[in-house]
Every structure is written in structure tokens, then in C-alpha cells.
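Take this structure, written in C-alpha cells, and hold onto it; I'll ask about it next.
Chains here go by letter, A, B, C and D, matching the order in which they are written, and residues are numbered from 1 within each.
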């Protein structure tokens, strides 16, 4: 039986991830993400109301039209975590396939919410939970397994497709973090076990493959200690205090909560996407907020909360959206004087996020920081660790799984090339058993392990 | 008699240049510029309608309120060239001084236009022409001389104040270019002569002092050859062709005209600031446009011209504003599909300007280029030379003038520091005869040459 | 009584630190360091045998000849920590002053060793211990106090001179680290107390002032966790394992020891400077090595140890010099095949040090890593935290001490300029109460707090 | 008949270029270069005396052992220009093939000299001249044509293999320069003609493919003007004057000669490789030196010449090797005080070469410049243009030749990836008609145009 990996999206960019694995006549799709960056090019893009084909043309979502020519039946649409570049196009594309959506509970809840917000399409695919450590039969020839993994969003899994031709691993995205608060450590022993059984191919994210200096990605434990070091003194001051981080990074938000508990400040989690990710996480019992904390997402509720905080600034800890300086997110709006909360001399702002390297983010973040500073705020920026495996983590990944073939994904050609060089250090060779695919191309494997 | 140099603006930033030189009881002011970058911080700034004090508070114009405490009489306001960071605040500040405005004809024409556009203040200072090579008596003790100089705008002069205590040179901005089309070469022999007579102090721009790699700034002749190499083939193609450069860079625009003449294309100079700088330059006989060329500044006229060009794209050469990707300028608006001209596959775009190093420009320019490319345009970017002296030019400048004191200006503290290191290589020493001033500080020189 | 701060060395470079503080007729000297970088320029420099004046001319040691013209008596030579850029010229310069050398015990032991190795001069200044928390009377008008501080070498103090004109702080170098293994945390409450009493001036190091991204310097605790994460798996493998870090960074070496104890490997600390710093630290009870550990410094002993390690590579943990790839240091010599130990496929190398930013280090380190890799080694590089205060630490420093005047030191003009901008954010102003000095210049303070 | 392109060397690095094209049973080899960078890794490499297999193992020369398994007969070894990364291994590898060496006269002369200097192997392959514009029959099925091309060494050709399956272009290296002194412009019309006839594949160098900012590579005319601007004043001064550039860049050296003729200075071309490239070029009538000029290569002759120049420094213009600061080259030796010529205050040094981006060059050049400066020299550095096509030149190249397949070469994987992205902009697609090969891999084309 032949196995085919079809690169649909995310093989030429960081964004709009989508891959398909065809085993005999059965197809499993992984991810349906969006490419937010393309919306900068086409400013008038209204995702919720636009048709898939228009979004495909604009490069905002993966071009899955090629799937029509794939001679097989889609049996499952699998999501291994809930970031938008992996699930954001689900409401635009999933209805075209008669197949269940499979994910961990938190990812599934985020998908459900995306589907509900959709204005153009009705998505009725069955939603099916799969937890790390569990398997489910996808077709007579394919069993899907979720392996416990860590990343920067809760309930991230690594997917393994067991087939008669060997195991195919979809590992997009992950980090190896042994000390998260909300997730158990990665299941290394299972990875090694699979490696011994015989892995035909891995599809693996290359986000940090080109960052030479960063051998191993540090644990969230490091971020927790950094945050505590930075936050403790400011929490005690009689000034305003704002923290911003990724809304989906519940682990990090939990760390901020735990530090905040040592003060008398009341936490306010503010902003639309902060509300989306955190309230679901709290409802599911993943995020444990302090009893006095509140989450507000709607502009009106946010503004009311900000008005309260403005009056008694030393009694609150604001956790907001806007770490990249995005003009419409909350912290940039606060910094621009567009809300009821005015940054004043002595206020402390903690930005627990890197600048995602992209000229627009660099510019927005620069403007944000200059505005905050010109209002007298003090800014703390270096409390962050990445959510993506570093080069030495990837080396361990390759050594544990010992795959026959490697398909680097989730990046520009330069990033795939960097991963290729890493894999060549481990004895693989481009064109032989490393395969660089472009969106729309496929790699066929004949014969098994 | 004591001489005092007062740093009003531009000593902590690239922008809002303003300096005063006090000789006995008489004061000469140099430049009244704006700091456009500060408008990014305060988005709601409406320069034409706002009061000086508000603009001062926002950092948009120099804080000249300190002049109230200067015990002396302002005798002249001198502008050595017409860039906005040197003349842009004239309509906000000049009326506070009972003194004539002195500049070369082109600079004066630009000042006049700025004064006419002002909505808040009425400026009635007499306007007085001074040409390079000419002198005028400012007060019994001060004679102002304009020396022929080159820069990236026509009729740039270097100013020399002759006083009983020695000569003070205001050299802000300049380059040494021996091969411009529209300007004679710098008057080196006069600089050397002044050097021999005795220069008390120079106030000198440091824009490129920190660019180690760029020993000597290349001549416009180099840009002309580069542009010709780039433009000739595209001019012959049956596609659209757009060029963008600095509106005030009449020399460069003349070079583009001369190249365009070798084709049958009709030149359209488009955009509000393109109209401002070019029509004045043309009326004054500085810029020689081809007979068929047209200049349009108003949005309506621009749009009509673009509609014509859209239909017969191969018959026009569009010269537009927007080289930094500024969202409201013309080329970015064309690239964003907001005009009657649509960039199509095969169109050629020449960007004859560097990215002015600032995160917002980097982001805007990146977006501009990506939009142009995604419409199928071909982009040419490396046809530019700087308008500012390089390190080795500054070394020649110091050697020719041999000043007793050096006051670096026109830059951040890092840039002033770089210039200081250069001057120390030439035997000067910070704190002894190199003086780093902050906006609002003064340096007094007692005793002469 | 007037107070004068005299910049002797280290005000134009990172290296050869030396300052003098004159209070009335009494002078206290701080530091006598070397500038190793200058030896690259003059390759034939033999420090141990050369005369001070030759070394001064080559820029290798501070030019203290100006002290002849200082009208006062040197009462003490104070060293606040034992790095070479602070103590390395002691044997060349101290004998010219009839004054005791004062330092903490570990620093003093390093100074003693330097004096013993000197081939040209005999140094007989009395050596006097001062511990953090202790004071000693230097002259009727001056009392020296050592305040508990942290850095990247044990027993670093911050010095305070108590005078009738106020307190002068010499803070060169330091970091604020609350979680070191071998040092108590900085004595913040004493700093605040001094701030309340009245600090006339601080002389402060600017090493990291220009690193915008690095708000607060992370604690060694972070480095310990990173190292543990990196080292544990490799310690278990049956391959060779090498670690390199700063020889003087006893805190880091202790952390490596503690991690190594969890394995059966025997530690070998190898290399001349490793021997110098570690054996003294061990003898003084600062460094606690595992019972089986050995230190070898002489080439012969090192080679014998390496020969043993070569045979049973999985039984040893080599801690070596050479983290910058310096051609004559041990790890580069091992990598170049010049010792009895050959790097083999599977060996692990941990470089617990950043590249000190300097083109030669970048090149040497690149060559080192390429050689190690081409021998099959796996390299881990990102387990390090700085030993110098970050921008936000400096902000806290200024706020705690609230000095009347700030004298940035220990850096190029660009670095002093960056610190100046930071201090200006805190309300100081260059030329008023921030003073940039060049080597050889002095700042006089008249009148006290 | 099938066509196969075999990547032997230079597909994973900048260096050791070697490719083979097999048409039916006949093979044509292009280039046999060395990879100088690998000698840094293995310091004890003595190229002239070492065996091919050892050099192959060290990565210094291409691994052509795979040619044993190629089922065909090598009919010609073709060199398109004389740089060492293209011809440097000829004496190590050519004797293994029973085939003539074909090149332009200057390239052939350089090859002859390399063969004569070889100590290990005897090379007896016939040497055969082919001039641009000429063809020669290689086998019944293959005709080789040389097309006039420009680069940074004289007599560079582009090779075209005419076969029944279409034309194969070997374009490695080139630039499009219409204004060289010593070479006619590239034969664009022939390129377009070949494009119309049908190009099966191009093998093309990617050296500058990743340099986004550099749209089109500027002509040597630009470098000539820059050099003249820089050199004229210093030539007139009564100080020493040194220029360094690539020894093989005869075009540039001719430009320097022409400028020097306007002064009374006598030119001395100094250094071993300066002698090698220039004396051959002069003997062949390519380089026209002034009558008074001399070339010295042997250390003894160089030193005698330097001694003369030391005495009457203002009467000479020294043109030396060492632009990258290589420790053993002449200018670095002069700067280090190791010759009879001492750099003095006021001497002028022109470095007409970029830093070839590599950490060791950056470090060596930094050291060179610091040494020169500390001796009082003035350094001019920005008079250079590249010898490699820029992105827009490559776009023109692709449009003119319109090849069916593109094989990027001469670079790291990142560079090949950049070229791939450029080619994809032109409608090609990786894996379909762009082929990234690793050293040792081959691409087979079945069926023709």
C-alpha cells in the first residue's frame, strides 16, 4: 500500500498549515489554519464573511482545491493544538469533507467557538475528542494516536498514524518542556517506542530551525522565575501595573496568576481574544484564576473595567492583549489614549512575549513602547521562552523517532532549508530521505519499514 | 565679546533643528524644523491648526521658549536649505521674533509656501534673499556669508558668521558632491580660506557619522549612472513604469527626466509634495522638465492623470511620492488598489530612495514592496546615493576649516558620540573642544581665535 | 572641601579600568586593570616582562602618569572584584603609590598571585582585607565601606566613600542577583540607606546599558536550571563530555559541580587560568568541588589528565578554558587535535558563555564550533546569564541611591551615551549632573549634598 | 538520449565548484575548484604536496570519486574563468581524466601555472583554447560554445553545450557589466537567441541571490568613478599611499593604473598572488601598466621594493594583496610592522574590496583596519562593486534564456533556496523544474525541448 503526504499549506510560510496523509484510499487531514500576515496585504479582508475561494486567492487560507484531484476519501480532520495558524480556517474548509473533526478537548472547544462565529458557512462535521495517550481507528488501515506533548497552548498532542507501511508522525508544533504547570511532560518513552517500531515519516515544524544560537528551548519554568523576579517589586508599588502576553498561552497566564496571588491586586483579564482563550480554559478547569479575577472581552465591559482600574490603579493587575503592538488590540489602544485607562508616570508594563519577527510587528511594538515610555511607564520585556523546539531538541526528536523520511514544514523555504541542514548532520540527505515540498506538492512512499 | 551657541532643537534627534548663536547682544537663529516622527506618537496632531506650545509639548517642533531668557536681540533667522526638518516650523515660530528670514531663493520660496499654508499664525517677517558667495551685515558685529554647498535639495548653502571673535560655521546639512547637474561643486577654496582666517566653532550635522562602512559619500553622478542602467530597458518595455524618489530631491528628478527623454514616454510628476517642490523648482528655472511632462498635486488631478496612464500604461512614466511606503502617499495608495491606476504583471517600479532607518518605514516599505510584487511588478531598489557627508568627508571638512571648537548636531546622542570619536581621531577632545549639547543647553566661548 | 573624580582608564573602552577620587588632599584609587584587546594590536606584547610605560603606550594598561600632576596623596588602592580588567595592572602600577591595597579576601588572593607572577616590578604595598559590610578609615576625611554585591566572580563588593561632602559610590561592576549559591544577595537596604543619607556621585559600569532588549539581568538560578536541563541527558550517555565557562566564574563552576554530582563522572578542571581561579577559590572554601574532582593547570598535567580521559571518555567531565575559542586556550587546542584528547562522534560540548562581542571572538568561536562539529560533537550553547546589570537594574540602582551626580564608566563613548539616555529618563541631564569623562579628564564637585 | 547533470562540488558551499554533464555516453566536466575555507578547519593542510584523496576527505577539493560510477567517457574539462574556487583543484583531479582542458587564453595561462606549481601529481591533459564567440565539437553529440560574458576576472565566458536534447548552459560565475575597460559587454543577443532555440537547463551561480537589497549589480564604471573620487586628493598629498584589491581583478587594477597615471607616483604591484595574476595579464596584453610600474612577487623582491618606498613614500603607489586582512598577505604584514615599510601618520590606504562575509575575514579585516588607524593612516573602504549578478540580473538571465530547468549552484542550501524563490517568482517550481542538488547527486532529464 502506498503512503502519500500532500502539502496543502504552511510549506512556504509560517501560517495556514494544512497537510494530508493518504494511506491506500483513505486520507487524513491535519490542520486547517490561517495566514494572518496576508491580511496586511489585502486590508479589506473580512474573514468571517468571505468565501473560501476568495480567501484562498488572497493566500489567507490553504488552497485545498487540489484535494478534488486526490483519489481517496477523507476519513478524519485532525488538529493537534488550537493556535489560529492551525485551526483558523476550519470553518471555511471543514464542511467540504464528510469526516469527523478530532482533537483534544481544549482544542475542540476552540474549534467549536470558531465554527459558531462563522458567518458564511455552516459546519456540521462531528466533533470527536481524543486525549493524549489514546488511539482511535480512522479506517481499517489507519489508527490515530495522540501522544502527550508540550507547546505554548494547553492540550497539545503529537499525532501518530499507525499504518501497515509504518508510522507517520505529525509534529506540528511542539516543544520539549518537562516543567509546565498545566501539562505533563512530553511522553518521551512513547516516542522512543515508536522509533523502535518503525517510523516511516515525520512532518515536523521548523519554526526555530534557523536560530543557530538557541540550542535547546528553555522550559516555562524559566519564564516563571523571570516573571516572578520582574513582577514582585512592581506589584508592591502604588502604581498601575499591566502585563501582556499571548492570549492562548494559558500556561503563562497561570504563572502570572500565581505570582499575582502574592499581592493584593485584583486581576483583570482583558481583550476579546483574552476572553476567548481564557474563559474556555477556565470553564474546562485548565486555568485556575484567583477568586477575585475577572475576564472581560467585549469592548464595553473592558472599558468599564478599565474605568475602575483608572481610579484605583494600584489595586489591579491588568492582563491584556496587544503584545505585538497590534493597533486594534488593547494595550496599544491604552497606550494611544483611546480607553478610560491612562498610563501614568510610574506605571509598570510587563511584555511577556518576543517580537514575532516581521517588520510590521517591529514597527508596532516600537510605537507601543515609545508611547508607553512617553507616558512615563516603565517597561519590562525579557520574560519569555519560546514554545517551539530548538535545534538540539529537534536533534533529540530525530534520534528518538529515527524516521525513514523527514518532511520539514511550517516555514519559508529558508527555514525548511535550515532544518534540512540539521537533518543532514544526523545522516539524512535532501532528495533521498529529506523531502522539501512546496504547497500543492506530494511525496509518495512506496514500500514500508 | 563672548559667543554663545544655544542648542534649541535637533541635538537629541534627527529632526526639529534649531540653533541660536549669540554674539554680544545680537542673536542669529538657524533653522526652525519639525520632527515628523513625533506625529506617530501623537496621531491626532494637526500641524497646520495647532498652537506652537502644543506642538512643542508633543515634541513636534523645537522648544524655543528658552529664548525668552536669552538676554539679546534676534537679528536674523537663517535657513541654509529647504528640508522640512529645517524649515517646517517656520510658520509656528518665526512670528515670535522681530527679524528677517534669510535664505537662498529656492529655500525662501519653500518657506513662503509653508507660511501661506499656515492656519493658526500670521507670519510677517521680511524675507531676504542671500545667494551662495554673498554676504550680508546682520549687526555691527556680525556678517553672514553663504558658501556654495551641495546636498539633496537645490540651493543649499553653508553659513558662516563672521564676528570679532572668529568665524562660526553652521553646516547643517551638506555633502561634498563635485558632479551635480543643478548645483556647482562646493566652494572648497573658500572653506580653506575661512580655515586659515580662523574658525571659532562649527555646528555640524552627524547624520552619517556612525556609518562606519561609508567612508566618502558618493556623488549624484553615481546615482545617475545607476538609474540609467536600471531604467533604460524598462522604458523600452510595453509595460507600466513608476519611479519614486524624494520630492525635494530636484537633482535626482532632473536625472530621471534626462533619462526619460531617451524614450517616448510622457512624464507625470504626481503627488501633493511632488507638486510643491517640483513646480516651484520648475518655475524658478531650476528643474528643466521635458516639454510633455506634467505635474499634478491635488488628489483629483492626480486621479485623472492616473486614469489616463491606466489606459495607455506604456506611454507614461509616473514619478510619484511614497518611497518610504507612507500609507497616505501616492505609490502606496496605488499599490493598495486605491487609485485609478492598477499595478499589473510586468510593470516596473524604481524606488530611488533608501529606507530611512526607522521601524515604521521598514514596515511600510516592506508592505509596499510585497503589494507591488503580488500584483506582478518588478522592483528596482538600489539606485541611490546619500545626501549627507560620510566619515571621510567630515574628516576633510574638519581639516579644511580647522575649527577651534566642534559642536556636533542633528542626531541622537549615539550619533553625536560617533562624530565625537571621529573628531577625536583628528586631535580634538570631548569636553575640551568638542561640546555635546542637549536641547536647551548652551556653550559659551570667551576670547577669540 | 572639594571632591574630584579622575578618569584614568576604562572611560573609552571596556578594559583597563582605573579611577581616582580626590577628597581634599587625599586620594583613593579604584582598580588597575588591563585591556586585553590591545594585545591583538601589538602581538609581541609580553605583559609579565614589559615596563609600565611601554604598556601604557600600547594602551594595554591605564595611563596613570597624569597622577603626578594631581596635588594630593594616594591613601588607598581599592579593588572591588578580581577580574583582570580591574586588577590585571596592579603589578605594573601599584608600586608607584605608597598606599595599601584593599579588597575582599578572594580578590586579594588573586592580586597576590598576580604580584607573584610579575617579572619586572616588585610590589610591596601592604595588602588589607575588607569584607562586605565592613568599613575602614582611609584618612581623617574618608571612610571606605564595602557593601555586599553580586557579579560573576565571588566576593564582589560595591564601594562607598563616606566624606564630608557626601558619599561617592564606585560601582564597577555589579549585577543584582538574589539567588546565587556562593554569595548572599546584594544589600539593597544599605543602598537605600545610603541614598537617604546623600550620595554625591556614582561611578557606574555601563557594560549592558546599550542592550535595549535586556531589561533586567537574570539570576544565576536561571543559568543553573538551564545547565541542568542541558547536561543531565549527556551526562548519562557513554560519550565524552566537555564544559567550558569563565575560569573566574566560580559560581557557575559550582553549579556545574552540583549537576555533575548526579552522575558517576569524575570532574577534571583543566587549563592554566582554570587552575588559578579555582584552586584559590577551593583553598579558601568558596568553591566546593566533589571529592573526586581534580584541577590541573600546567600543560604537562593537563595533557596527562587528557590522556586518561581519552581512554575512558565516559567516566570524566572535562571543565576547560577556551569558551571564546582563543587559539591557545584548552578547548580550542583540543578541537584542533593538539592534545591527547580527541573529540569523537557523539561527544557533548557545553559552552556556558556568550560570545563576548568582538570580531576576533566571533571568528575564533565560529572556528571552534565548526571544528567540534566536524569531529562529530554535539554543542550546547545557550546556558548563560550575564554578570552585568541590565537597563532596568540600573534604573533601580539610580532610584535606590538617588545620587546627585552620575559618572558612567567602563565602556566606549556609545555605551556611556546609552547610559546617559537611561539616566536622562530618570530626570538627570548630561552636562548638568551626568558627566561623560574621557580618560585623563576630571570632574570636580564643589559643595556637598 | 538522456541528459544528466551531476553535482560534484559547490552545491553545498561557496567553493570547490565542479559539475558534470552527461549526454548519452559522453561527459563534460565543468570546473575543478578548491574550498579555501576548509583549510581554516585543518590548519596543517599543504595543498601543493597533499594527495587528492586526503584533500577530498578534508573537504578542500570536490569529491569526484563518484565519477567512477558514472557510466560514460569524459570528453572535456571546461573552465569558464580563472578564480581558484573554479580552477584550484585542476592539478589534483585533471590527470584522472583522459580529456583536454578547454578555456579562454587567460584562464588557460592560470591553469598552466597551477599545474606547474603542483608537487604531487603530473598533469598532462592537452590544453585547448576556446574564445568567446567560438565553438568546438566535444563529441558527435555535443558542441561547446563560449559566449562573451563579464565577471571580476578577464576573459570570463559562459558555456553552452549544444545537444540533441537542447542546450545546457553553465553560468558560473557572471555579472552583466556593459562598461568594463578590458572586456566587451556580455553577448545578450546570443543569450536571447539561445533562449529561442531551446535551453534544456541552466546551472547558475547563486552568490548574491539572497541579497534582497541589491537589485542589479552595478558596473565597474561605478567603481572607477568611486576610486577616482577617493584617490585623486590622496595621490597629491605628500604621504604614503597604498591600495589593495583582488589580485585577479585585473579590470580593477587597470582602473587604478589609469587613475595613478594622473599623478607622478610610481606604481608597485606587490605580493605573490598579485604577481601571479598581473604578470600573466600583462604579458598577454590584457593589463596595460604604466611604463614606470613594477610587479614584485617574491618576499625578497617585495621587501626591497618596500624599503625604497619607505624612504620616498610620496613617490610610490603600492598596490598590495591582503584586502581581507589575511595574516600572511602583504598589507596585513605591513600593518603589523613586519616589513621594511612602516605606515605613518597621514598615509592613505584604499581598500577596494568588500569584506567577504565570513567571521574570520571580519576579524582579520577589523584587526587590519585598527592597526592601520593606530599608525595614523586614513582608510577609504567603499569603492567596490560586486562581480556577481544581482537578483534582477538573474531575472533578466532567466527571461533571456527561458530554460526548461534551473539548477542553482555555487552556494549553501540557503543561497540555493533564495535563488529558488526568485525562480518561482518567474513561474518555475521547486521539484518540478527547479532542482536543488546536494554534492554527489544527479538530475536526469529525459526527452528534450
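Quick note on the criterion: a residue touches a chain if its C-beta (ideal position, glycine included) is under 8 Å from a C-beta of that chain, and two chains touch if they have at least 3 such contacts.
The structure presented is a predicted model; accordingly, all values stated were derived computationally and were not measured.
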Query = Higher C-beta contact count, B-D or C-D?
reply = B-D
Inquiry  = Fitting on CA atoms only, what is the rotation between the copies subunit A and subunit C? Please report it in degrees, nearest 5.
reply    = 180
Request  = Could you give the separation in Å between the centres of subunit B and subunit D, each centre being the mean of its C-alpha atoms?
outcome  = 42
Request  = With chain centres taken as the means of their Cα atoms, state the distance from subunit C to subunit D in Å.
outcome  = 46
Remark   = Listed in rising order, subunit D residues that touch 2 or more other chains are none
Remark   = subunit B residues touching subunit D in their complex are 178, 213-216, 218-219, 221-222, 225-226, 229-230, 233, 373, 378-382, 390, 392, 395-396, 425
Query = Can you list the residues on subunit D that touch subunit A in the complex?
reply = 413-414, 416-418, 420-421, 424, 429-431, 436-438, 441
Query = In their complex, what parts of subunit B are in touch with subunit A?
reply = 40-41, 43, 336, 359-360, 362-367, 370-371, 374
